[in-house]
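Letters A, B, C and D mark the chains as written, and numbering starts fresh at 1 in each.
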Amino acid sequence: MARLDLMITNGRILTETGSMHASIGVKAGKIAFIGDSRALPPAEEIIDASNKIVMPGVIDSHVHLELPVGRTVSCDDFASGSVAAAFGGVTTLIDFATQKRGGSLLEAIAERRGVAQAKSAVDFSLHCAITHWNDRVRKEMTKVVRQGISSFKLYMIYAERGWMADDGMLFECFEQASKLGAVIGLHAENPHIISTLVRRAVVTRKKGAIQHALTRPDFTEAEAVQRAIYLASLWDARVHIFHLSTAEGCAIVEEWQSQGYPATAETCPQFLTLTDSLLKGRYGHRYATCPPLRSHDDNEYLWEALEMGSVQTLATDHCSFTRKQKDTWQGDFRKMLFGLPGIETLLPIVFTHGLMAGRIDETTFVRSLCANPAMIFGLYPRKGTIRVGSDADIIVIDPEREVTIKPQRLHMRCDYSPYDGWKLRGFPGLTVLRGRVIQKDGEFLGDQGDGIFIKRNPEVAF
Amino acid sequence: MARLDLMITNGRILTETGSMHASIGVKAGKIAFIGDSRALPPAEEIIDASNKIVMPGVIDSHVHLELPVGRTVSCDDFASGSVAAAFGGVTTLIDFATQKRGGSLLEAIAERRGVAQAKSAVDFSLHCAITHWNDRVRKEMTKVVRQGISSFKLYMIYAERGWMADDGMLFECFEQASKLGAVIGLHAENPHIISTLVRRAVVTRKKGAIQHALTRPDFTEAEAVQRAIYLASLWDARVHIFHLSTAEGCAIVEEWQSQGYPATAETCPQFLTLTDSLLKGRYGHRYATCPPLRSHDDNEYLWEALEMGSVQTLATDHCSFTRKQKDTWQGDFRKMLFGLPGIETLLPIVFTHGLMAGRIDETTFVRSLCANPAMIFGLYPRKGTIRVGSDADIIVIDPEREVTIKPQRLHMRCDYSPYDGWKLRGFPGLTVLRGRVIQKDGEFLGDQGDGIFIKRNPEVAF
Amino acid sequence: MARLDLMITNGRILTETGSMHASIGVKAGKIAFIGDSRALPPAEEIIDASNKIVMPGVIDSHVHLELPVGRTVSCDDFASGSVAAAFGGVTTLIDFATQKRGGSLLEAIAERRGVAQAKSAVDFSLHCAITHWNDRVRKEMTKVVRQGISSFKLYMIYAERGWMADDGMLFECFEQASKLGAVIGLHAENPHIISTLVRRAVVTRKKGAIQHALTRPDFTEAEAVQRAIYLASLWDARVHIFHLSTAEGCAIVEEWQSQGYPATAETCPQFLTLTDSLLKGRYGHRYATCPPLRSHDDNEYLWEALEMGSVQTLATDHCSFTRKQKDTWQGDFRKMLFGLPGIETLLPIVFTHGLMAGRIDETTFVRSLCANPAMIFGLYPRKGTIRVGSDADIIVIDPEREVTIKPQRLHMRCDYSPYDGWKLRGFPGLTVLRGRVIQKDGEFLGDQGDGIFIKRNPEVAF
Amino acid sequence: MARLDLMITNGRILTETGSMHASIGVKAGKIAFIGDSRALPPAEEIIDASNKIVMPGVIDSHVHLELPVGRTVSCDDFASGSVAAAFGGVTTLIDFATQKRGGSLLEAIAERRGVAQAKSAVDFSLHCAITHWNDRVRKEMTKVVRQGISSFKLYMIYAERGWMADDGMLFECFEQASKLGAVIGLHAENPHIISTLVRRAVVTRKKGAIQHALTRPDFTEAEAVQRAIYLASLWDARVHIFHLSTAEGCAIVEEWQSQGYPATAETCPQFLTLTDSLLKGRYGHRYATCPPLRSHDDNEYLWEALEMGSVQTLATDHCSFTRKQKDTWQGDFRKMLFGLPGIETLLPIVFTHGLMAGRIDETTFVRSLCANPAMIFGLYPRKGTIRVGSDADIIVIDPEREVTIKPQRLHMRCDYSPYDGWKLRGFPGLTVLRGRVIQKDGEFLGDQGDGIFIKRNPEVAF
């Protein structure tokens, strides 16, 4: 019997279908073995996970690293972002390749992929964001899928950035995606009502950060969610709602699901634990993200939806700016930079406020962070599960270890955190990427550039 | 490293979440190891499963062995029934302990458990069928659950057998079951409308076997399903519909599920592959089962519900009589013996007409036969899954091997089969019960009495 | 131009579609004329209705006069009941002819019709209550409809009185009624759950009047309503729920209506204005009616349902007993006499607490008391509307006149009133029956026996 | 007793609640009298309506007379249109005052009202079509309602005409309309999907008239209907869908209604009797209207919705062009003039293909043509009903008289008819406007300019 490369012994392994006490053996980057203590083959390195939780590496399926916005660029690049990922137990990131005005999808992907490949310490993929539509782009979608990118993103807002898809473009993208088995992810908000409300606010000289929330009431999300899924349903296409933030929007998703339509949705830690009251303070603009933070009732509704299975994935929408960057807003909510840091704290927040708080159970925990994003985005079962033959992306957590969040102790370049001072459990003491230990006890052992681009399959029904 | 007892190598393992190529190692009756070919520890016995399907042993969660009906007893006892199970890939049977008129639940269980223990070659449990209700019985339910029986059965019909539960009894049973975390399984048909229609048929001298179907139209099932789930919902109780046979009844279950109520349901091979036209022939009475066979449209609706997940479990309602027994009906459908043989052919029928025919996929296949009944009835993850630490109940199937059904070649005592002459794939070439090979290549290697009573947990949310 | 018999001038006429200022002329018992003051033909008698409300006579479509219950008989007979009707603005009563055990429907009708004809001062009809079912009864239904009785009543409870219809009987009655275009009205409560709860209460020595309400929780009505309409829907039959008392039951009716099924329902003043807290007092047993009084929330839900149109008719379920009769209950809620007086106060209560209180508007007011019962029960447009050619059943109300209820000032034989001391408006100063003034300014001018039996049509779609 | 001006005797009067045999007397333009033959006062003129149908004058609540489109103007002006109305039994027309680019609502109304007043032979009102939005327009809405115009129209398409309202404008218009109790009527189609499909068609050189239908598939209407009612529901505003053409759109309306939202809808004769196959012929462009003609299944669905009450009003969307005008399309469906003639044939088509064909009953007939548009648009009970005090707008129809449609025999200026050669009943032999006979036996007796502007009330709940 061949010697294994790595053995993680005696942990309690959490999977998407339940837990077991067992040891995991790794060979050549893959899980080669799951077994109990009576059947341990020899291994180069043995890590004792007694009294620890062992689970699949987390997939953060929604991040924006080094994103150019206006004249600036978000502060975490693939280097700092992927190192933060390693510390946060995230072993796969999905960022975005955004089509340039009138440009090619493939070019955007090639460029972005190059940037990521050069720096990323964890595995990665890209969603392809389409901002401009014509027959050439339609045909390019096929090639994009063949390159292993099986998801596209459309923005229902952001006309000012040249990104907005109208209903006609949505309609045709869903048509093409349906043929390809690809999933379309959406930023779902109604642009016209928001514009109207922004104009109203400005006319009455209301420009504070809280206006960001007040001009995007719940129904601006709900209406867009309804329209997006309706248009998808015309082609029986796969549709995924990114960063669902409201109970009202979630109820629309649930209504479609209860009628048998397999729409899926993501929510984010900020929509589970933060509220729009944060926008009211002096530094409210630092909490600007889009869609905006919502109410406590929305938080709770989304936790419940997660547990009930109507929201499937948890991701961060990580898009970080320094305080200095954020503070350029000139007191006008229209000029705020949108986005919050999140990769490194994703797992601990969900662990602490979800699992330990009893809001979600263990299988929901693993599904929403690992198995579900893997299934929806075509990574399963290579990623997102503990299974023989899968990539050995494994993390080990000491459930007793508590950390008090301090921005300076985190590894992101962002110099503040919405969770500053929070006491969280769930930070992994060990992060293994394809069999290689890249983080252990707070020490980064990986290498930038060692992360690889993972091809994703289309047509993976959820 | 300890020597394993048994190794099943290189098969394609089907689980409730997908498949993998790997080997399974067994030690002391438990799965000790799942791993790839690079990590094989030594084992006493090695079985090569290359090109074979490996999956958890099937749980037939609905059988009636040696059931007394009127002056006769169904022809398969725990001996022949459990041997047939071994040949059919079924490693766990759930039969029924039926309360005697005014009797004790615990006594009924003790007696029935003794009968099963003496003869059963596979593991087994019992549902507790309540036929008479008072405060003493209510209190006994608690003790029953403590003994490891976490499911009860109520009959909404069969007043003539003294089994019928009226709405008041249903109401109070659900109340108590809800407190205990037990599930109530139901035979759901409306007795009063059926009696009325039977009387009408008899008055007009219509007594042929087909009358059995004609006097139990679809809505007699649907009404009872609606009422049962409604009453359960008053207590937020767990409810499971046995042998769902109609599209109309299934639609009711789906309606409740779509409103968020976690009702579950079973269907049976006969309701997926046979139709009531069989009742019209000379030997139509031999196809009598209750509820009766339905239409082809019902078959297809139920296949689809299985694939969509609105029906969760597949079981047989095995209750066999010989042709001689069946032929005592005197040409009067009211005197027919209800029940069909099924344990041995459950897996091959679902394999052939479900999986191979493309009606259900691999995960649905494993879920409905293994994982779901285990979860609903409190056996999971000890039974129903391939997981380290679970019982080593494993079967190996050569997907290329086709068998033509002949009653005399089967191991049940029933001397006819509704599937006579059908060509089926999916019979296991190997059946392993808790690590012991009890059937191999058509040879029975187990022992009657070696099956053990498995305690089942309550409150296992589905 | 012929001289009219009676002219009611210058009132504000309320109809089911709105109001108008006009005069009404009567000739030979029919409305011969509706016109404005510029077009008044000569008349024998002219009544000035300036500043008054003029509307159709009320139809109380649910009364029990001189009803034998156990060893006693309800205290209002057709004499006192119909006189009270005249004072309360009710010009048509629909009572019940109840089949005797194993007896003939036609005989029951003939007998009851004779009793009513001898004494009634207002027009009347009968619902035919079926208590026993066989093929003879089925055929008799046809004859009953031909005699002008187009509605049947079934009791889903009252097994102890020999009245209970089980689901088989409901099923066949709906079948036959559907063929005849007749409507089936139901007392909808679940008998088995109620029996169970009564047994529980008695076992724990709880026998007070409030137990009547506690043993008939909301869902006992809701379940029966659901089952009744489901069974009706199997035959596309007309179904009317009598004395709907709960929000939960009403929601079931609304669910069916929203799916396009034309079920109709009645509620009563007691379910709009009284609550079960009245059962708690020393004289709580005097408030016993069946179904029992409910909560304030139920009251308000039913008012709203009335205004929204999901409940169509208002009637009294008048079944009065004297205090002496009521007081024979021996402190045991099972021995209480069910029923409340109501005919005389129906209109004023709805006028005061519905129309004047703004809970319902004028068209709902006229529809629920006049037009809707006429339409549902086959009296329209002969009764229930102000239309040329209709019976001149007309009442005139001075909306400013307020009356304080005192049982002794009412004309019913019942010596108490649930509304004792209430200040009500809406008592009519004039009641006209087929053109004849039978009550004026508190003086009875009619004659017992002058009321006639009104034939009712089947198949009047609502 | 005063002498009446006009008496219509012995007809069968149809009303929104049923029929009666009676005579109607008119004094000073109002209905002064409804009575039977025994109560006829003297009158200046007596018209015998024995064996005839008498009903309220029809309200065509959706017409476009002398509408400027591009470089041309629709061919019927208020003169020819209102004369055609008189012949077709239409006594009230509602046309549109369309805001000019950046202009005032009140100015548009004043101008349009002047044009209509100068020429109209029947009574009229205007919907106010808003095409441009700002705070000044918002405030003007209040003044518009005060002038007796209680309905506004928004176009969800027609960006190319400068008419399109986006979601923000819809949102704010509903807000203001809700405060005013006004109703918003909508042209509901999704502009972006249609543009996309038009572009696709043109790219593939498909320009025939049938492309008009093919580029506006059913869901382009359904999506817009859903969005419109959703936006209305945010303000609890009154919303009316104009010219509903598809089963799919209608199902959306019904879904909202079944959830209790009082959305209303109109359909037109062309969507009940014509199909898009007409667009395929050589003269297909002459059948262009917007939305386009649909399928036979849509026709039948809409008839049923009318009878079930989910569609409330029937109107024509009359917008006629001569053959010469229509023929200027240059073989390009994008250049077609949209609109069909209809005022004169509205009543006969609905009479023949609806009432006589048994698709709708008499009350639905009168409701959809008379009472419902009157109620929804604030004319009731002055218009739309036969009631004492209402305007004496009355028509008399000989149900036996059949007319074969020939364009040259009609009174519209349009020189063709989609109904050419159809045999229709239901043309009125008498049309009375406010007590004056304006058409008798095919002779026009009215005067252009005699029609008056009718002020309409807001907040008339339907």
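Assume a residue touches a chain if its C-beta (ideal position, glycine included) is under 8 Å from a C-beta of that chain, and two chains touch if they have at least 3 such contacts.
Model, not experiment: these values are computed from the prediction.
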{"item": "Labels of chains that are neighbours to chain B and to chain C", "value": "none"}
{"item": "Chain B to chain D, fewest steps along touching chains", "value": "2"}
{"item": "Size of the rotation, in steps of 5 degrees, that lays the CA trace of chain A over chain B", "value": "180"}
{"item": "Chain at maximum distance from chain A, centres defined as averaged CA atoms", "value": "C"}
{"item": "Inter-centroid spacing, chain D versus chain C (mean Cα positions, whole Å)", "value": "42"}
{"item": "Centre-to-centre distance between chain C and chain A (centres being mean Cα positions), rounded to whole Å", "value": "63"}
{"item": "Separation of mean Cα positions, chain D and chain A [Å, integer]", "value": "53"}
{"item": "Contacts with two or more other chains, residues of chain C listed in rising order", "value": "none"}
{"item": "Which chain pairs touch, all of them", "value": "A-B, A-D, B-C, C-D"}
{"item": "Contacting residues of chain C [partner chain D, same complex]", "value": "1-2, 4, 16-18, 20-22, 25, 27-28, 30, 32-36, 38-42, 258-260, 308, 371, 380-381, 385, 387-390"}
{"item": "Chain C - residues contacting chain B, complex", "value": "135, 166-169, 171-172, 190, 192-197, 203, 219, 223, 226-227, 230-231, 234"}
